[in-house]
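Below is a structure I'd like to ask you about.
Labels for the chains are A, B, C, D and E, by order of writing; each one numbers its residues from 1.
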């Protein structure tokens, strides 16, 4: 597989605040990459740079993502659009006709637990429902790359597990590339082929770990195999924290 | 201890959508109560009703909370206020003079990992930092009751653990009452004296469980005792899910 | 919903009734002479007795107002979009815009008459000229305060400029644009009247000048009343449209 | 930051220069007679040669404008707060507000002169009257579109009405209020001039009527130029204040 | 087919304009081969419209023509509607003002124009009274009757045929001193019919036919005031009916009742006023009175 995206010695500051320092990694096509790191280290900033929404000070980004299925950290639904209108927006921008857009969205609504809320405005949704609507929008967009910023942060355990499993199945089915930020080790193990661990601000890559579990192994969160991967990540993070 | 707050057969609908059905529970003074429940079931709505921000259709709420240290689910910082100005707002409303407010906020900033961001505006913060600033605002307010809607949802594991332990210590020290929503079983075990488990929408109470761990036991998240409590909660939730 | 709207409309009438009562009270209690400040009764009588030819004047004014207002909405939003295109375009367009609004129309009346004639065209242009400014300013200032995070999100989805306006700038700014429209609607009829005042042979403004010149204060006030009611109607129209155009705001309106 | 501001100021001057050039071009190419449309040179000459007594007129107009504008800001925000108090107060206050703005000032000039005299008071009131409306509408419509979640949050903190305005309504609405202020600033000088036009013995409006009656178009245009520049100055003042008053918007401004 | 011409009124239609509407309605213009459009500019009057050729004719006054020509606006007076000035000073009867000498120490209510000041100085100076003792009160756009009722000032300058008649109808008791009785220089023409130098140079025949028809219109108005008033009212029903009829009747005695000689203007009147205006600073350069008007088009055909 050829790298879809390559980041080389990327650095970025906001004014006097260095946020990224010499970050380097790559994402292969069809792969799912998780980014872990402490709060405020620069994960969202990194995603925004890759999407071309933010400039950077030094380094190189090869093959930035033009048109991604992007879920920002705070879901960011358009307050003047209903759930369906929000979800179909990327398709609408791509010029897909109304009927196909609506079908596409309608078919996914139940998996996201949003059936019956088609015409609700964002302020009429719960926090978790907003996040799910945002995820639906990203997934439904049909973009080749999914870029998700903490996609399940606001969900309860059971709903989260259900959606994680569903997404994991979808990804391996469609062979789409996915890049996501998470603060949940379990989530990284369930969804990622590879995990990138970042240090505290200014963020640099302090470790990388491939997850070589089968789909079945991933979904059994209590199995020793799963636990081993999780533990491996945790010790990587702890090491980074001590430095 | 006398009940600070008593809720009796509370019901609430949004239009045709029943959200709460016959919810009944109480909160004692000085106690810490966790509310668990699936996404979209009505947890945030329940908190809002208790705070007097939302009406309800039937039932009774005795002793609603006037002035609480409230952290809404999406942090809701005022975009035109800096971190310090946001954090000191409840104190300012209570008429505390500027010097004392600033001192109070400044002394807490480091525990929240916000030192150096005193004068940053919310849009210059990361998602997790915004949540922490919102929590800081609630804690610093000095209100007798803390009402927190998913206080650590956007934080990475380590930061979350650190803040959970810090808050747990603070609560047992100050003997303040706390009512919080979480989707994280671990968090419930670490912080709560008692856990209320709600069913899916319309939410009703499907179980209640006291957590009788000592402070030390709570902070060791890998101990068998801790695990037992967590597992107890999980099975209660599973049961609710099956119904 | 129905009932609520009914009650709201009713309250507007209550307000108008109170004003009429106040007006009546002032003229009755202070015995203000008719040549200064005619009572509502005298005024309404003047309107009724002149209804025949006043109607023709009013019709022309309405046409001018609506045409001008329509042009203003279009021009205002267009100018706002142009200013929003870049900092440079803003700095080049804003000054002449402000300057243009500071021109006393009466002072350049001869030019207006010479360039646009004494017919309906000049009046339509004046209405458009008076009305487009608050719309343009409100729309532009609204565009400027749009949440950049939403703008970025659209960009990530590959949205072009048209998409940005359609899905973000216009809906986000709609409350502001509509506030501008309300201000403009209020001014629009007056704009037409001022235009007629500058010269012409039909319209409420003409009726007014003639009434004023022959010292018929009752007619003058009748005309003022008509102008005010027309303005109010247009305002209510915009207000109604505003409710319909921002359903997401309506639903969260608390009372 | 400094340099950026310098460049922005510079661009405004470029814009003004372009307008002057256009003006000059029109008069030069089409050979418009001076009594219709004097060239910039003739106009400036008129200003310079009349500088002595024109200065006195201008001074009075500036005083009227500033006093009236100040009153308008106060009145506008106050009225907006009153309307925001309840749906009832809105429905009772909005109609008379709209009606009041639809009154043709020229038509009721005698009343104004009799009630408020020919002195400075009447002009100040007219400026305030003209300017407060866009401020009130923008402020009120802004208040109405404030995020209810933030309002609830304040309530949970035990905030009273004053706190709500201080911490939420006013800052949230500031961009809208400032847009209203910009519109008002643009109209303010013109308001004073129209007031002077109705009657008085000092002020740019008086200078204008006299110039107009003796067919001194050069003087008339000189006065118009002064009015426009005064308006622009006031506008720039509000614009500058607006940047200072909304630092959270400035920092996120992208260019 | 008819030749199209236009005439711009000064301000709104009033009894000064009746002849125009009469000529239009009774077909005098059509008989002269003209199709006349009556333009009604607002407060700015007709001078710029006529000067720039956007109107062929206009209604104006001698003082405006004088000032306009001083500013290089090429307008020419081609007919005087009335042979004498119909304006004058009016005062409430109880002030006992019967001559300019009585102005001393009184309040004058006007709109603060230079012409008014100079006029009062002139008439008081002739009687040896001190113009400085008069308080100039600016009453802006307030009309005579209202100003009297509110006691805003002691004496005013009015057009008798309109404000004076209005005051009569309203039952105001007042004394009136016509300008023409005070000083020859103040007996200038108001209103006058103007056209542009360009029209005179290129369409003199049209001008002649137009003035001829207009003369018939004004003479009809002078001889049939009631019928003429109805014609005006038909064109401007917004005007007060009683005022228009009374005004028309009063003006009937001010205008000529024969077409011959209607519209005649005298060089002396123009020269006198121009000199006076220049001497008193009303215009800042002298004008040639011979160019300001021409008698060449009025029906009598005396010519120069």
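As a working rule, contacts are C-beta pairs under 8 Å (C-beta built on N, C-alpha and C of every residue); 3 or more make two chains touch, one makes a residue touch a chain.
Small disclaimer: the values here were computed from a predicted structure and weren't measured.
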Strictly by the touch rule at the top, which chains does chain A share as contacts with chain B? none
Common contacts of chain C and chain E? D
Chain-centre distance (mean CA atoms) for chain A and chain C, in whole Å, is 49
Between chain A and chain D, the Cα-mean centres are separated in Å by 50
Suppose each chain is reduced to the average of its Cα coordinates; what separation in Å results between chain C and chain D? 17
Shared-interface residues of chain A (touching two or more other chains) are 74, 123-124
Touching at least 2 other chains, the residues of chain C are 36, 106, 110, 114, 148-149, 197, 252
So which bits of chain E are touching at least two other chains? 44, 48, 52, 143, 146
On the basis of the stated criterion, which chains touch which? Give every pair. A-B, A-C, B-D, C-D, C-E, D-E
Which chain B residues qualify as touching chain A in the complex? 14, 36-45, 73-74, 113, 124-129, 132, 149-150, 153-160, 183-185, 234, 237-238, 241
Chain D contact footprint on chain C (complex, rising order): 8, 11-12, 14-16, 18-19, 36-37, 86-88, 91-96, 98-99, 101-104, 106-108, 110-111, 114, 133-134, 137-138, 141-142, 144-145, 148, 175-176, 178-180, 182-183, 186-187, 189-190, 193-194, 197, 205, 208, 212, 220, 223-224, 227-228, 230-232, 235, 249, 252-255
Note: in the complex, chain B contacts chain D through residues 48, 51-53, 66-68, 70, 72, 74, 76, 78-81, 89-90, 92-94, 121, 123-124, 141, 147
Give every residue of chain C touching chain E within the complex, in rising order. 33, 35-36, 50, 53, 106, 109-110, 113-114, 118, 197-201, 206-207, 209-211, 213-216, 219
Touching residues on chain E, where the partner in the complex is chain D: 44, 47-48, 51-52, 64, 67-68, 70-73, 111-114, 138-143, 146, 150, 282-283
